[in-house]
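Note that subunit A is present in both complexes that follow, paired respectively with subunit B and with subunit C.
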Partner chain A sequence: MRTVLNHTCLLPVHLNARSPYSQPFPSLSELSSALGGLGGVSELEAETLRPVNLLQERNILPPKRAPPPEPNLSNDLRKVNCSPDTFRCTLTNIPQTQALLNKARLPLGLLLHPFRDLTQLPVITSNTIVRCRSCRTYINPFVSFLDQRRWKCNLCYRVNDVPDEFMYNPVTRSYGEPHKRPEVQNSTVEFIASSDYMLRPPQPAVYLFLLDVSHNAVESGYLNVFCQSLLDNLEKLPGDTRTHIGFVTFDSTVHFYNLQEGLSQPQMLVVSDIDDVFIPTHDSLLVNLKESKELVKDLLNALPGMFTHTRETQSALGPALQAAYKLMSPTGGRVTVFQTQLPTLGAGLLQSREDPNLRSSTKNVLHLGPATDFYKKLALDCSGQQIGVDLFLLSSQYSDLASLACVSKYSAGSVFYYPSFHHIHNTAQKQKFQKDLQRYLTRKIGFEAVMRIRCTKGLSIHTFHGNFFVRSTDLLSLANVNPDSGFAVQMSIEESLADTSLACFQAALLYTSSKGKRRIRVHTLCLPVVSQLSEVFAGADIQAISCLLANMAIDRSISSSLSDARDALVNAVVDCLTAYRANGSNIQPSGLIAPAALRLFPLYVLALLKQKALRTGTSTRLDERVFSMCELKSQPLQQIMRMVHPDLYRIDNMTEQAALHLNDSVIPQPPLLQLTAEKLTREGAFLLDCGSVMYLWVGKCCNETFIRDVLGFQNYASLPSNMTEIPELQTTYSERTRAFISWLLESRTFLPAFHVVKDDASTKTSFFQHLVEDRTESAFSYYEFLLHIQQQMSK
Partner chain B sequence: MQSNNRSLHFKPERSRRVKTTGDMVLLTMIVRVADSLPLAASMQEDEQSGRDLQRHQSQAKQLCRKLNEQSPARCTLEAGAMAFHYVIEKGVCYLALCEAGFPKKLAFAYLEDLEGEFSEQYGTKVPSVSRPYSFIEFDTYIQKTKKSYIDSRARRNLGSVNSELHDVQRIMVANIEEVLQRGEALSALDSKASNLSSLSKKYRSDAKYLNTRSTYAKVAAGAVIFITLIVYVRFWWL
Partner chain C sequence: MEAAVFISSLVDCCALIFLSVYLIITLSDLECDYINARACCSKLNKWVIPEMIAQALATVLMLVSMHWFVFLLNLPVASWNVYRYVKVPMGNMGVYDPTEIHNRGQLKSHMKEAMIKLGFHLLCFFIYLYSMILALIND
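Moving on, here comes the complex of A and B:
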C-alpha cells in the first residue's frame, strides 16, 4: 500500500492491478501465435514491436521526423481517415477494456488541432444536416448503410433514417447514392449551419485593442511596432463590411477614442475613476472599420507620439479590462491586450511574487498558480459574452504571467510573451514580435464557437486541456477560435469494446466566420480496437503520448507541485517499460528493453524534464516557466514536439543526395542529428529548429566558403554576434541553404525568431540548453537517465 | 495630437449614463415569409434589456413562423412593455421590436425605410438564397437608420416626412400572446381532433370484434341446441 502511495503517477493507480481480477499475462508462445494469426499486418506490427535495448542502441533517432503510426485499418478506411495533423490518438490501437489499458500503463487521449488552416475543405450546404437521432453524431465516412434508406450510427449504433434530400448527390448529380455524398466520403467537412444552430444573428467581427501606454511601455517602443503593423494589415483583418474596431489605452487612467465617422480627428476621452470604470459614450468607441478607416489611420499614426513624454509609471490593467468587457459585451469579439509590466492599480492589481534567488533552486517552485481569481472571473464573464482575450506580454521584469494568463486561458485566447522586449536593444525580439503580429492580425478567426467531442459508446472523455471554458460536461465554449491552437483530452474505457472492431471519435466545431457565416467543422477519426497487450504497444504513438503527458504534468505541477509532476513523468516511463517487460516479450533479460514503437519514450520524457516549464536546478525566470507551460497546454502537437525535442541538422555540407525536387528547386535533406554536443564539430555549421526559434550555430573552424557564400562575411572573426537573418546571396550554396530553411518553414504559421550563434558568443547557452541528451549541472544525460530508469524498474 | 487639450476628461462626479427610456429599437429582423428564413438582423443588447431579449427573440422567431401570405401586411403586436411592429412587402417581412413607448408612426416609417433600401439592394436575390442571414451585411444600414430614428433631434425633421404615413392609426393591433396562442389553440384543437378520430377508429374496430364474437356465440348456441335436439330425438323416439 505504501509503495503505491509514494509512487507518484499521472495515470490512475489501480491498487488491485495484480489482484485476481486481472488476467494472468499470456505466455510468450500464446503471444507469438496471436501475432502470427494477424497475418498480413503482422510484419508492420512486428517492426514496431521489435525489442530495442536502449542501453546498447544509441542511434534510435530516425533520419527524418517520423510520421505518426498508421492505424491498422483496411485500405478503404485508411484512405478516408482524418489527417493525423488534425486528430491524433495516443494509442492507434484502442485497447478493448480498461483493464488492458491499465496493463499497458500508457495514457489514452486525443490531440486535436481542429481549426487548422486547410488547403482543401469540402463545404456542404444542405437544408438538413444529417445527424444521429440519439447521440447527435454527424454522419461520417465510418457509418454503415443497412440499405438505401437506413444508416447505423458508428458511435451509439442506433439505426437512423436517410432523409430524402440525402439521396441526391450534388457532386455527381445523381440519385440513390447516399454513400457517395461528400459527408460520407470525407472525414473532415464543413457544414453551413441552418438557423437552428444560432442563438442570435451571427455577430460581426469586432476587434478591440487594449494598449499599455505607461512610461515603461513607451520606453520599450512596442507601440510604434504595433501601430505600424496594424496600419500595414488594416485591409487584411478578417471581416466584411460589418467589421468593427476600437482602441483603449491605459496607464493610471483609462483612455477611450471616439472615432465616429464625420469627426475631423479622433477624440480622446479619459476616465480617471478606475475603481468603478464606465463607458463615457456608447456609440462611437467601437466603429465600423470601413466607414471610419481614415480616423483609425489617423489615430494609429498619432498614437506612438502621444505618450512620449508621459511620466505615468502605474498600470491599471484590471479596470481597463473591465472597460473592455463592458464595451464588447453587446456583440462579443476579440480583445487584444498589450501589457508591459505588473498591473499596479485598481482591481486585479498584483504584487511581485518571484524571488530571484530561487530561480535555480532544485526545491519546489512556488507561485505557478494565479495570485488572484480576478482574471479568471473576468475571463469567464467574457466567455459568457463571447469575448476572447489575447494577451501580449512584453516585459523585462516579472509581471506575474501566472495570474495574467488566466484572462486568456478561460476565454479561449492566446498568450504571447516577449521577455526583455526592446525595440532597439533587442532586435531579435522586435523582429519576432513583428512577424507574430503579421500572422496574428491576418489569421483566420472564428467567433462565438463551441466544440464537442464525441466518441464510441464505452469510451468517455474525462479531462480537457487547452484554452477554453468547459460549459457543460462535454461542451467546450470558445469565445474565439484561432487556427493556431491545439487541444488535448484524456479518455477512459468505461465499458468493454469487445463487440466492436472499430472505435470512432468525432470533433465538431460550430463557429461564426469573420464574414458572418455560421459553420460547423466536423472531423472524424476511426481506429481499430485490439484485445492483446502487444498490439496496444505496437500502436503507441509516442509523440502524442509525450504531448499528453506534458499536459498532464503541467496540471499536476499547478495542482500539486513541480517535483511531483517530474516524478510522475519518470514513473510514466518506468511503469510502461516494466509493463512491457512483464508482458514476456523481453527476450534478453539484461539491458533496458523497449518496443521499437516506444523507443523514443525515455528520450522525450528526459527532454520534457529539461523544458523551461518543468526543469529544476537551471536558472529559469518564473514568467518564462509559466509561458512555457501555457505553450505546452495550448499549442498543437507538431509545435510542441519541435519545442520539446528540436531538430538538429548539419547544414554546411548538404549534398544533393536524397534531396527533394519540388517545382524546379532542389531541397537537400540532411539527416536529423541527436541532440548532443558530441554531434557538433568546430568545422561545421548546425541548424537547430525549436519551432518558435531557430539557431544557426557556426563552429570556430567552419569552412570559409560557407561563411562567405551563405552568411556573407569574410571569415569567422568578422561575423557579428547578433545576426538575426540569413542574407539573400546569389550563390548556389546560399540558395540551397535558404531553400532548405524555407522548406522547414513551409507549413509553419508563426515564423520563428532566427539567431546566428557563434561558438564563443554569450547567446551560446540558449543554444546549448536545447541539447537535451547532454548532462547539465543539475540534470541527467540521456545515458544516465536510462540507468536511472533501469534502477527504478528493478526496485 | 496633444492629449491635454484635445481630450475630454470624465470625472466621477459627473452624471454618467443617460438612461434611455421609451425610445429604443431593440431588435430588427428581416425574414422571408415563405419559409421564415432569416435574411438579416440587428440586435441592440445592453445591461437592462439583456435578460428579456432572449424571450422576445424567441417570440419573434415564433411569430415569423406563423406568418404567411394571408397575414395582414401591417400589424402591431403588444408584448408587455414591448411591441412588435411588422411590415410584409414582396414576400419579405420586416420586423422590429420596440419599447411600448416608441411612437408607432416612427416605427413604421423606420420599417418602410428599411424595406425601400433592402428591396433595392437585395430584392432580386431574395427568392434564391438558402443560407440563413445571407444578407447580414445589411446590418450596417439597419444600425445607421435606427440611430437616425431614435435620435430625438433627428426625429423632428422626420416628422414632416412621416405625415404621409397617414393611415398608421388603422393598422391592426393585437397581442403577441394571443397571436402565438391562437396557433397553439389551433394545434391543440388539431391534436384533439386527431385524438378523436383515432378513438373512433378504435371504437369501430372494437365494435366489429364484438359483433363477430356475438355472431359466433349465436351460431355456437344454435349448434348446441340442434345437436341436443338430434340426440334427444334419436334416443327418445327410437
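Moving on, here comes the complex of A and C:
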C-alpha cells in the first residue's frame, strides 16, 4: 500500500471525473488508500460514503445544520455555479441512465426558490439577449465557446453564433472576450426584457383587498389589525406612481367603495344581487394610490367602526371573488382575501365536511381535496387575466380550507392560516398576524410572470409542485411571483447521458416588476453526470430528497389516500437502504447500514410522518392538516426543513466557546440537540426553532439566574403562562441570548411567533409534539422506526 | 333486422373512430404547445359524455340483438368509460382537468388510452362491416 501512495501520479484516476472502478462499490479502506493522496474531492466522497450503523450510532445529528453537499466539479465551475439556496437538486451527481436512477431508489428532482431576495444581482442592460437558436436557452457560464465567434449550447449542443454586440464587454471595456461578459460569469443574472417579451405594456401594481365583515369577522377583531397595518405600510407598498388600490367588503352582500379623488369621503355602494354580481361604476373603485391617498386613509380609519353592530352572519365569498375578478380583469394584479368563516351564500358555498370524531382516526382521512371546482375554475380564470389571489384565513371553526386554498394554489397566490384568531383571547396569533402582514405588504412582488425550466437533452420534467398553473409542457404561469414561495419539480432521464459529463438546468422567470419594468431572472445550475451507483449515493442531498418526498406524499394522499402516502414514504427509505446494501461489498448482517450522506434519511422521514399533514392517530383538525400540506408544497426548502425537523438548542448555559464575533457582538453557538425528551433536563432552558414558531421551554428547576437575567422574573413560579417575547435587559446573559436569537432570525423573511413554555402549561403539548424521536401513543420512536425498517428490509 | 342493427352499429363505430382521432389530435396539440391546457381540456371534456353514450349505445344494440361475443367485447370499454367518469374527484373540472393534466404523466396516459380505443374501434368497425355484409347477403 505504501508504494501506491508514493506513486500517486501513476494511478489512472482523474481528479474531476468519476472513478474508473469496475466493482460496484469499493470498500472504504480500498478507496481511502488508493485515493488518499489526490486531494479534497475523493476524501469528500469517501466521507459521504462512510457506512454508518444507524442502530448503534446514537449521535447522527451534526452540531450545526449541515450545508448542502457540494457537487464534484472543478473549482472554476464550482465558483460560478448557482447558489444552493436558489436551485438545489436531490442528487448532486446525476445518474447517467434511468436504469441507474431506478437502482438507487431515490427521487430525482429540483427544488427552486427563483425569486428569493438577493443582496447581489447582476443586471444586464444590453439590447440583445443571447439565446440558443433551437432550445432558446439563455447564455450561461456553462456554455462552451468554440472560438471567439461561436458558442455551443450546453442544453441542446447546438452551435450558435456570437452576435457582434456581445463581443464587447461593457464591464472591462474590452473587445473580443465574450466569455468575460457578466452573463457568462454569473449563474444568476437578471436581463432587462425588450418589447419582444411583452404581450401588452407592463401593467402597474394593482392591489385589491377583499374583506370579510360578517359578525364573526368583526368579533375576531382582525379588521382593526389589518387597517392599522395597511395605514402604517401604505407608503411602502411596492409600486410607483401608477399603483392602484381598491377595497371590497362582503357579508351577505358585496360592498364597493368609490374613492374618486375629489370626493369628500369614501362612498359605499352595495350590490345585493349576489347571483349575478355586477360592478356598479367603472372607474374610481380601483383608484390611483397617490391621487386618492387621503380618501384611502379615511376609509381605513373608518372601516373597523362601520361594521361594529352588524348582525350579518352569512358570508358570500364566491360572489365577492367573482366581483373582484370582474374588477381586476382589465389590468391584472393582486387580490388579498380575508375570510373568517365557511362561505355560506351564493356561488361557491361550502358545507361543513369535517367530522370532529374522526380527528384522531388511524384509518383514512377524508376530504383532503376540494369539494367543488368553483374555486379552481375561478383561480384559472384569474390566472388567465394575470390576477393572483392570496388568502388569509382567520377562522376558529372548520372553513374547508381544502376547497378555499384552490383559489390561491392555481393563481400563484399564498395561503396564510391563523386558527382560532381573536384579537383579545389569542394575542399570540394577533402578533403573528401583524408581523406577517408587515412582511406581506412590503415584500417585493412580480406581476404577469411565466417561468420555464429547461434541462440538458435527455432529462425531462414530468411533475410540478407549487402554487402556479402549468399552462403547457414546461411553461408555468404565475400571475404573481413573490420572494417567499418555493417550487419543486420531478425529473426523469429519457435518454442516456453517457456522452456528456455535465448536466445543466436553467430556470428563467419573466416578470413585470412593481415599477413596471419587464425583467427576466435566469438561474443556471450545473451538476456532474456519473455512471456508478456509489457516486449517486455519495452525492445525495438528504434535505432536498426529504422535501421532494414530502411533496410527493401530499400529492399521493390527495389523489389516493393518506395511508398509501405514509406507506410510500416508509417504502422509500426501505428501498433506498436495501439498494445500498445490495450494492455494498461489506455486508454486515446485523445493524442498519446507511452511507453517511443518507444517515439522516430515516430520521427525516419519521419527522415527516409525524407532521400535522401526514400524521394519523393524533387529533388533528382538518383545516390545520390541509394548511400544513399547503405549506409543505409551497415553502422554500430551508423553511420546510425547520418545520419538519426543528432545531433544538440548550440556551441557559451558552458559553463563548467557539462563538462567532460579528459587528462587536458575540454570538454563542450552542450545538444542535436531538429531538428527544432525553436531551431536555429540568435544570435547563431550551429553544426550539420551528421556522414559523419558536418555543423557549423552561424546566421546573431551571437556575434562577437565567430566569432573572434573561426573562426578567424572580423565579419559575412567577413566570406568566403566555409570555411571547424576551425582554431587553442589560445583563450579559440577556444580551447573549438575544444576540443568538437575532442571529438565528437574520435572513428570515417571516418572523416566527415566540412562546415561552413552562413545563406545566397547555402549550407544552405543541412543544412536545415536535420531539420526533420520541414514542407517542400512535407513532414509533426513532429506534423503533429503525427496527421497523430493518424488519421490512429483511422481507 | 340484423342488417339494420349492424348498419347502425357501423355508423356508431365510425363516429367513435372520428372522435378518437379528434382526441388524439387535440392531445398531441397540447403536447406540442399549439394550444394551452385550459382550451384543450374544455374541448376534451365536452366529448366525454357523448363518447360514453355512443359506446353504451353500441353495447346495448349488441345485447338486444343477442350477439353475445361482440357484446362481451364492447362491455369492458363501456364500463371503463363509466368508471372513469364516476371516479373523477369532486374538486376536478371533469375527466380532463387542466391543472392535473401535466402532472404525473397524465398526458401520456390519456394519449395511450385514446390510441388503444382507436385500435379497438377500428377492430369493431371491421367486425360490424363483415357482419353487416353477411346479414345483407343472407337477407
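Quick notes
Criterion: the second predicted complex is superposed on the first by the 752 of 795 C-alpha atoms of A that agree within 3 Å, B and C clash if a C-alpha of one lies under 4 Å from a C-alpha of the other, contacts with A are read in each partner's own complex, and residues count from 1 in each chain.
In this text, a contact is a pair of C-beta atoms (placed from the backbone, for glycine too) under 8 Å apart; a residue touches a chain by one contact, two chains touch by 3 or more.
Since the structure is predicted, the reported quantities are computational estimates derived from the model, not experimental observations.
Looking at the shared chain after the overlay, A:Ser272 reaches subunit B, while subunit C stays out of its contact range. In the superposition on chain A, A:Ser619 contacts neither subunit B nor subunit C. When both complexes are overlaid on chain A, the residue A:Asn364 reaches neither subunit B nor subunit C. Touch criterion not met for A:Asn653: it reaches neither subunit B nor subunit C.
Contact with subunit B, but none with subunit C, is seen for A:Pro201 once the two complexes are overlaid on the shared chain. In the superposed model, A:Asp555 makes contact with subunit C only, not with subunit B. Once the two complexes are laid over each other on the shared chain, residue contacts for A:Leu380 go to subunit C alone; subunit B is not touched. By the touch criterion defined above, A:Phe469 lies against subunit C but remains apart from subunit B after alignment on the C-alpha atoms of chain A. Legend: residue contacts after superposition of the two complexes on their common chain; A:Tyr410 is shown touching subunit C, with no touch to subunit B.
The partner of subunit A that touches more of its residues, comparing subunit B with subunit C, is B. Listing the residues of subunit A that touch subunit B in their complex gives 125, 127, 192-195, 198, 200-202, 204, 240-242, 255, 265-273, 276, 278, 280, 282-283, 288, 291, 302, 305-307, 329-331, 516-518. Remark: subunit B residues 1-3, 6-12, 16-17, 29, 37-38, 40-46, 57, 130-133, 136-137, 139-140, 147 touch subunit A in the complex.
Considering their complex, residues 30-31, 33, 36-38, 89-93, 98-99, 101-105 of subunit C touch subunit A. In the complex of the two chains, the subunit A residues touching subunit C come out as 369-373, 376-377, 380, 384, 402-403, 406, 410, 462-464, 469-473, 475, 555, 559.
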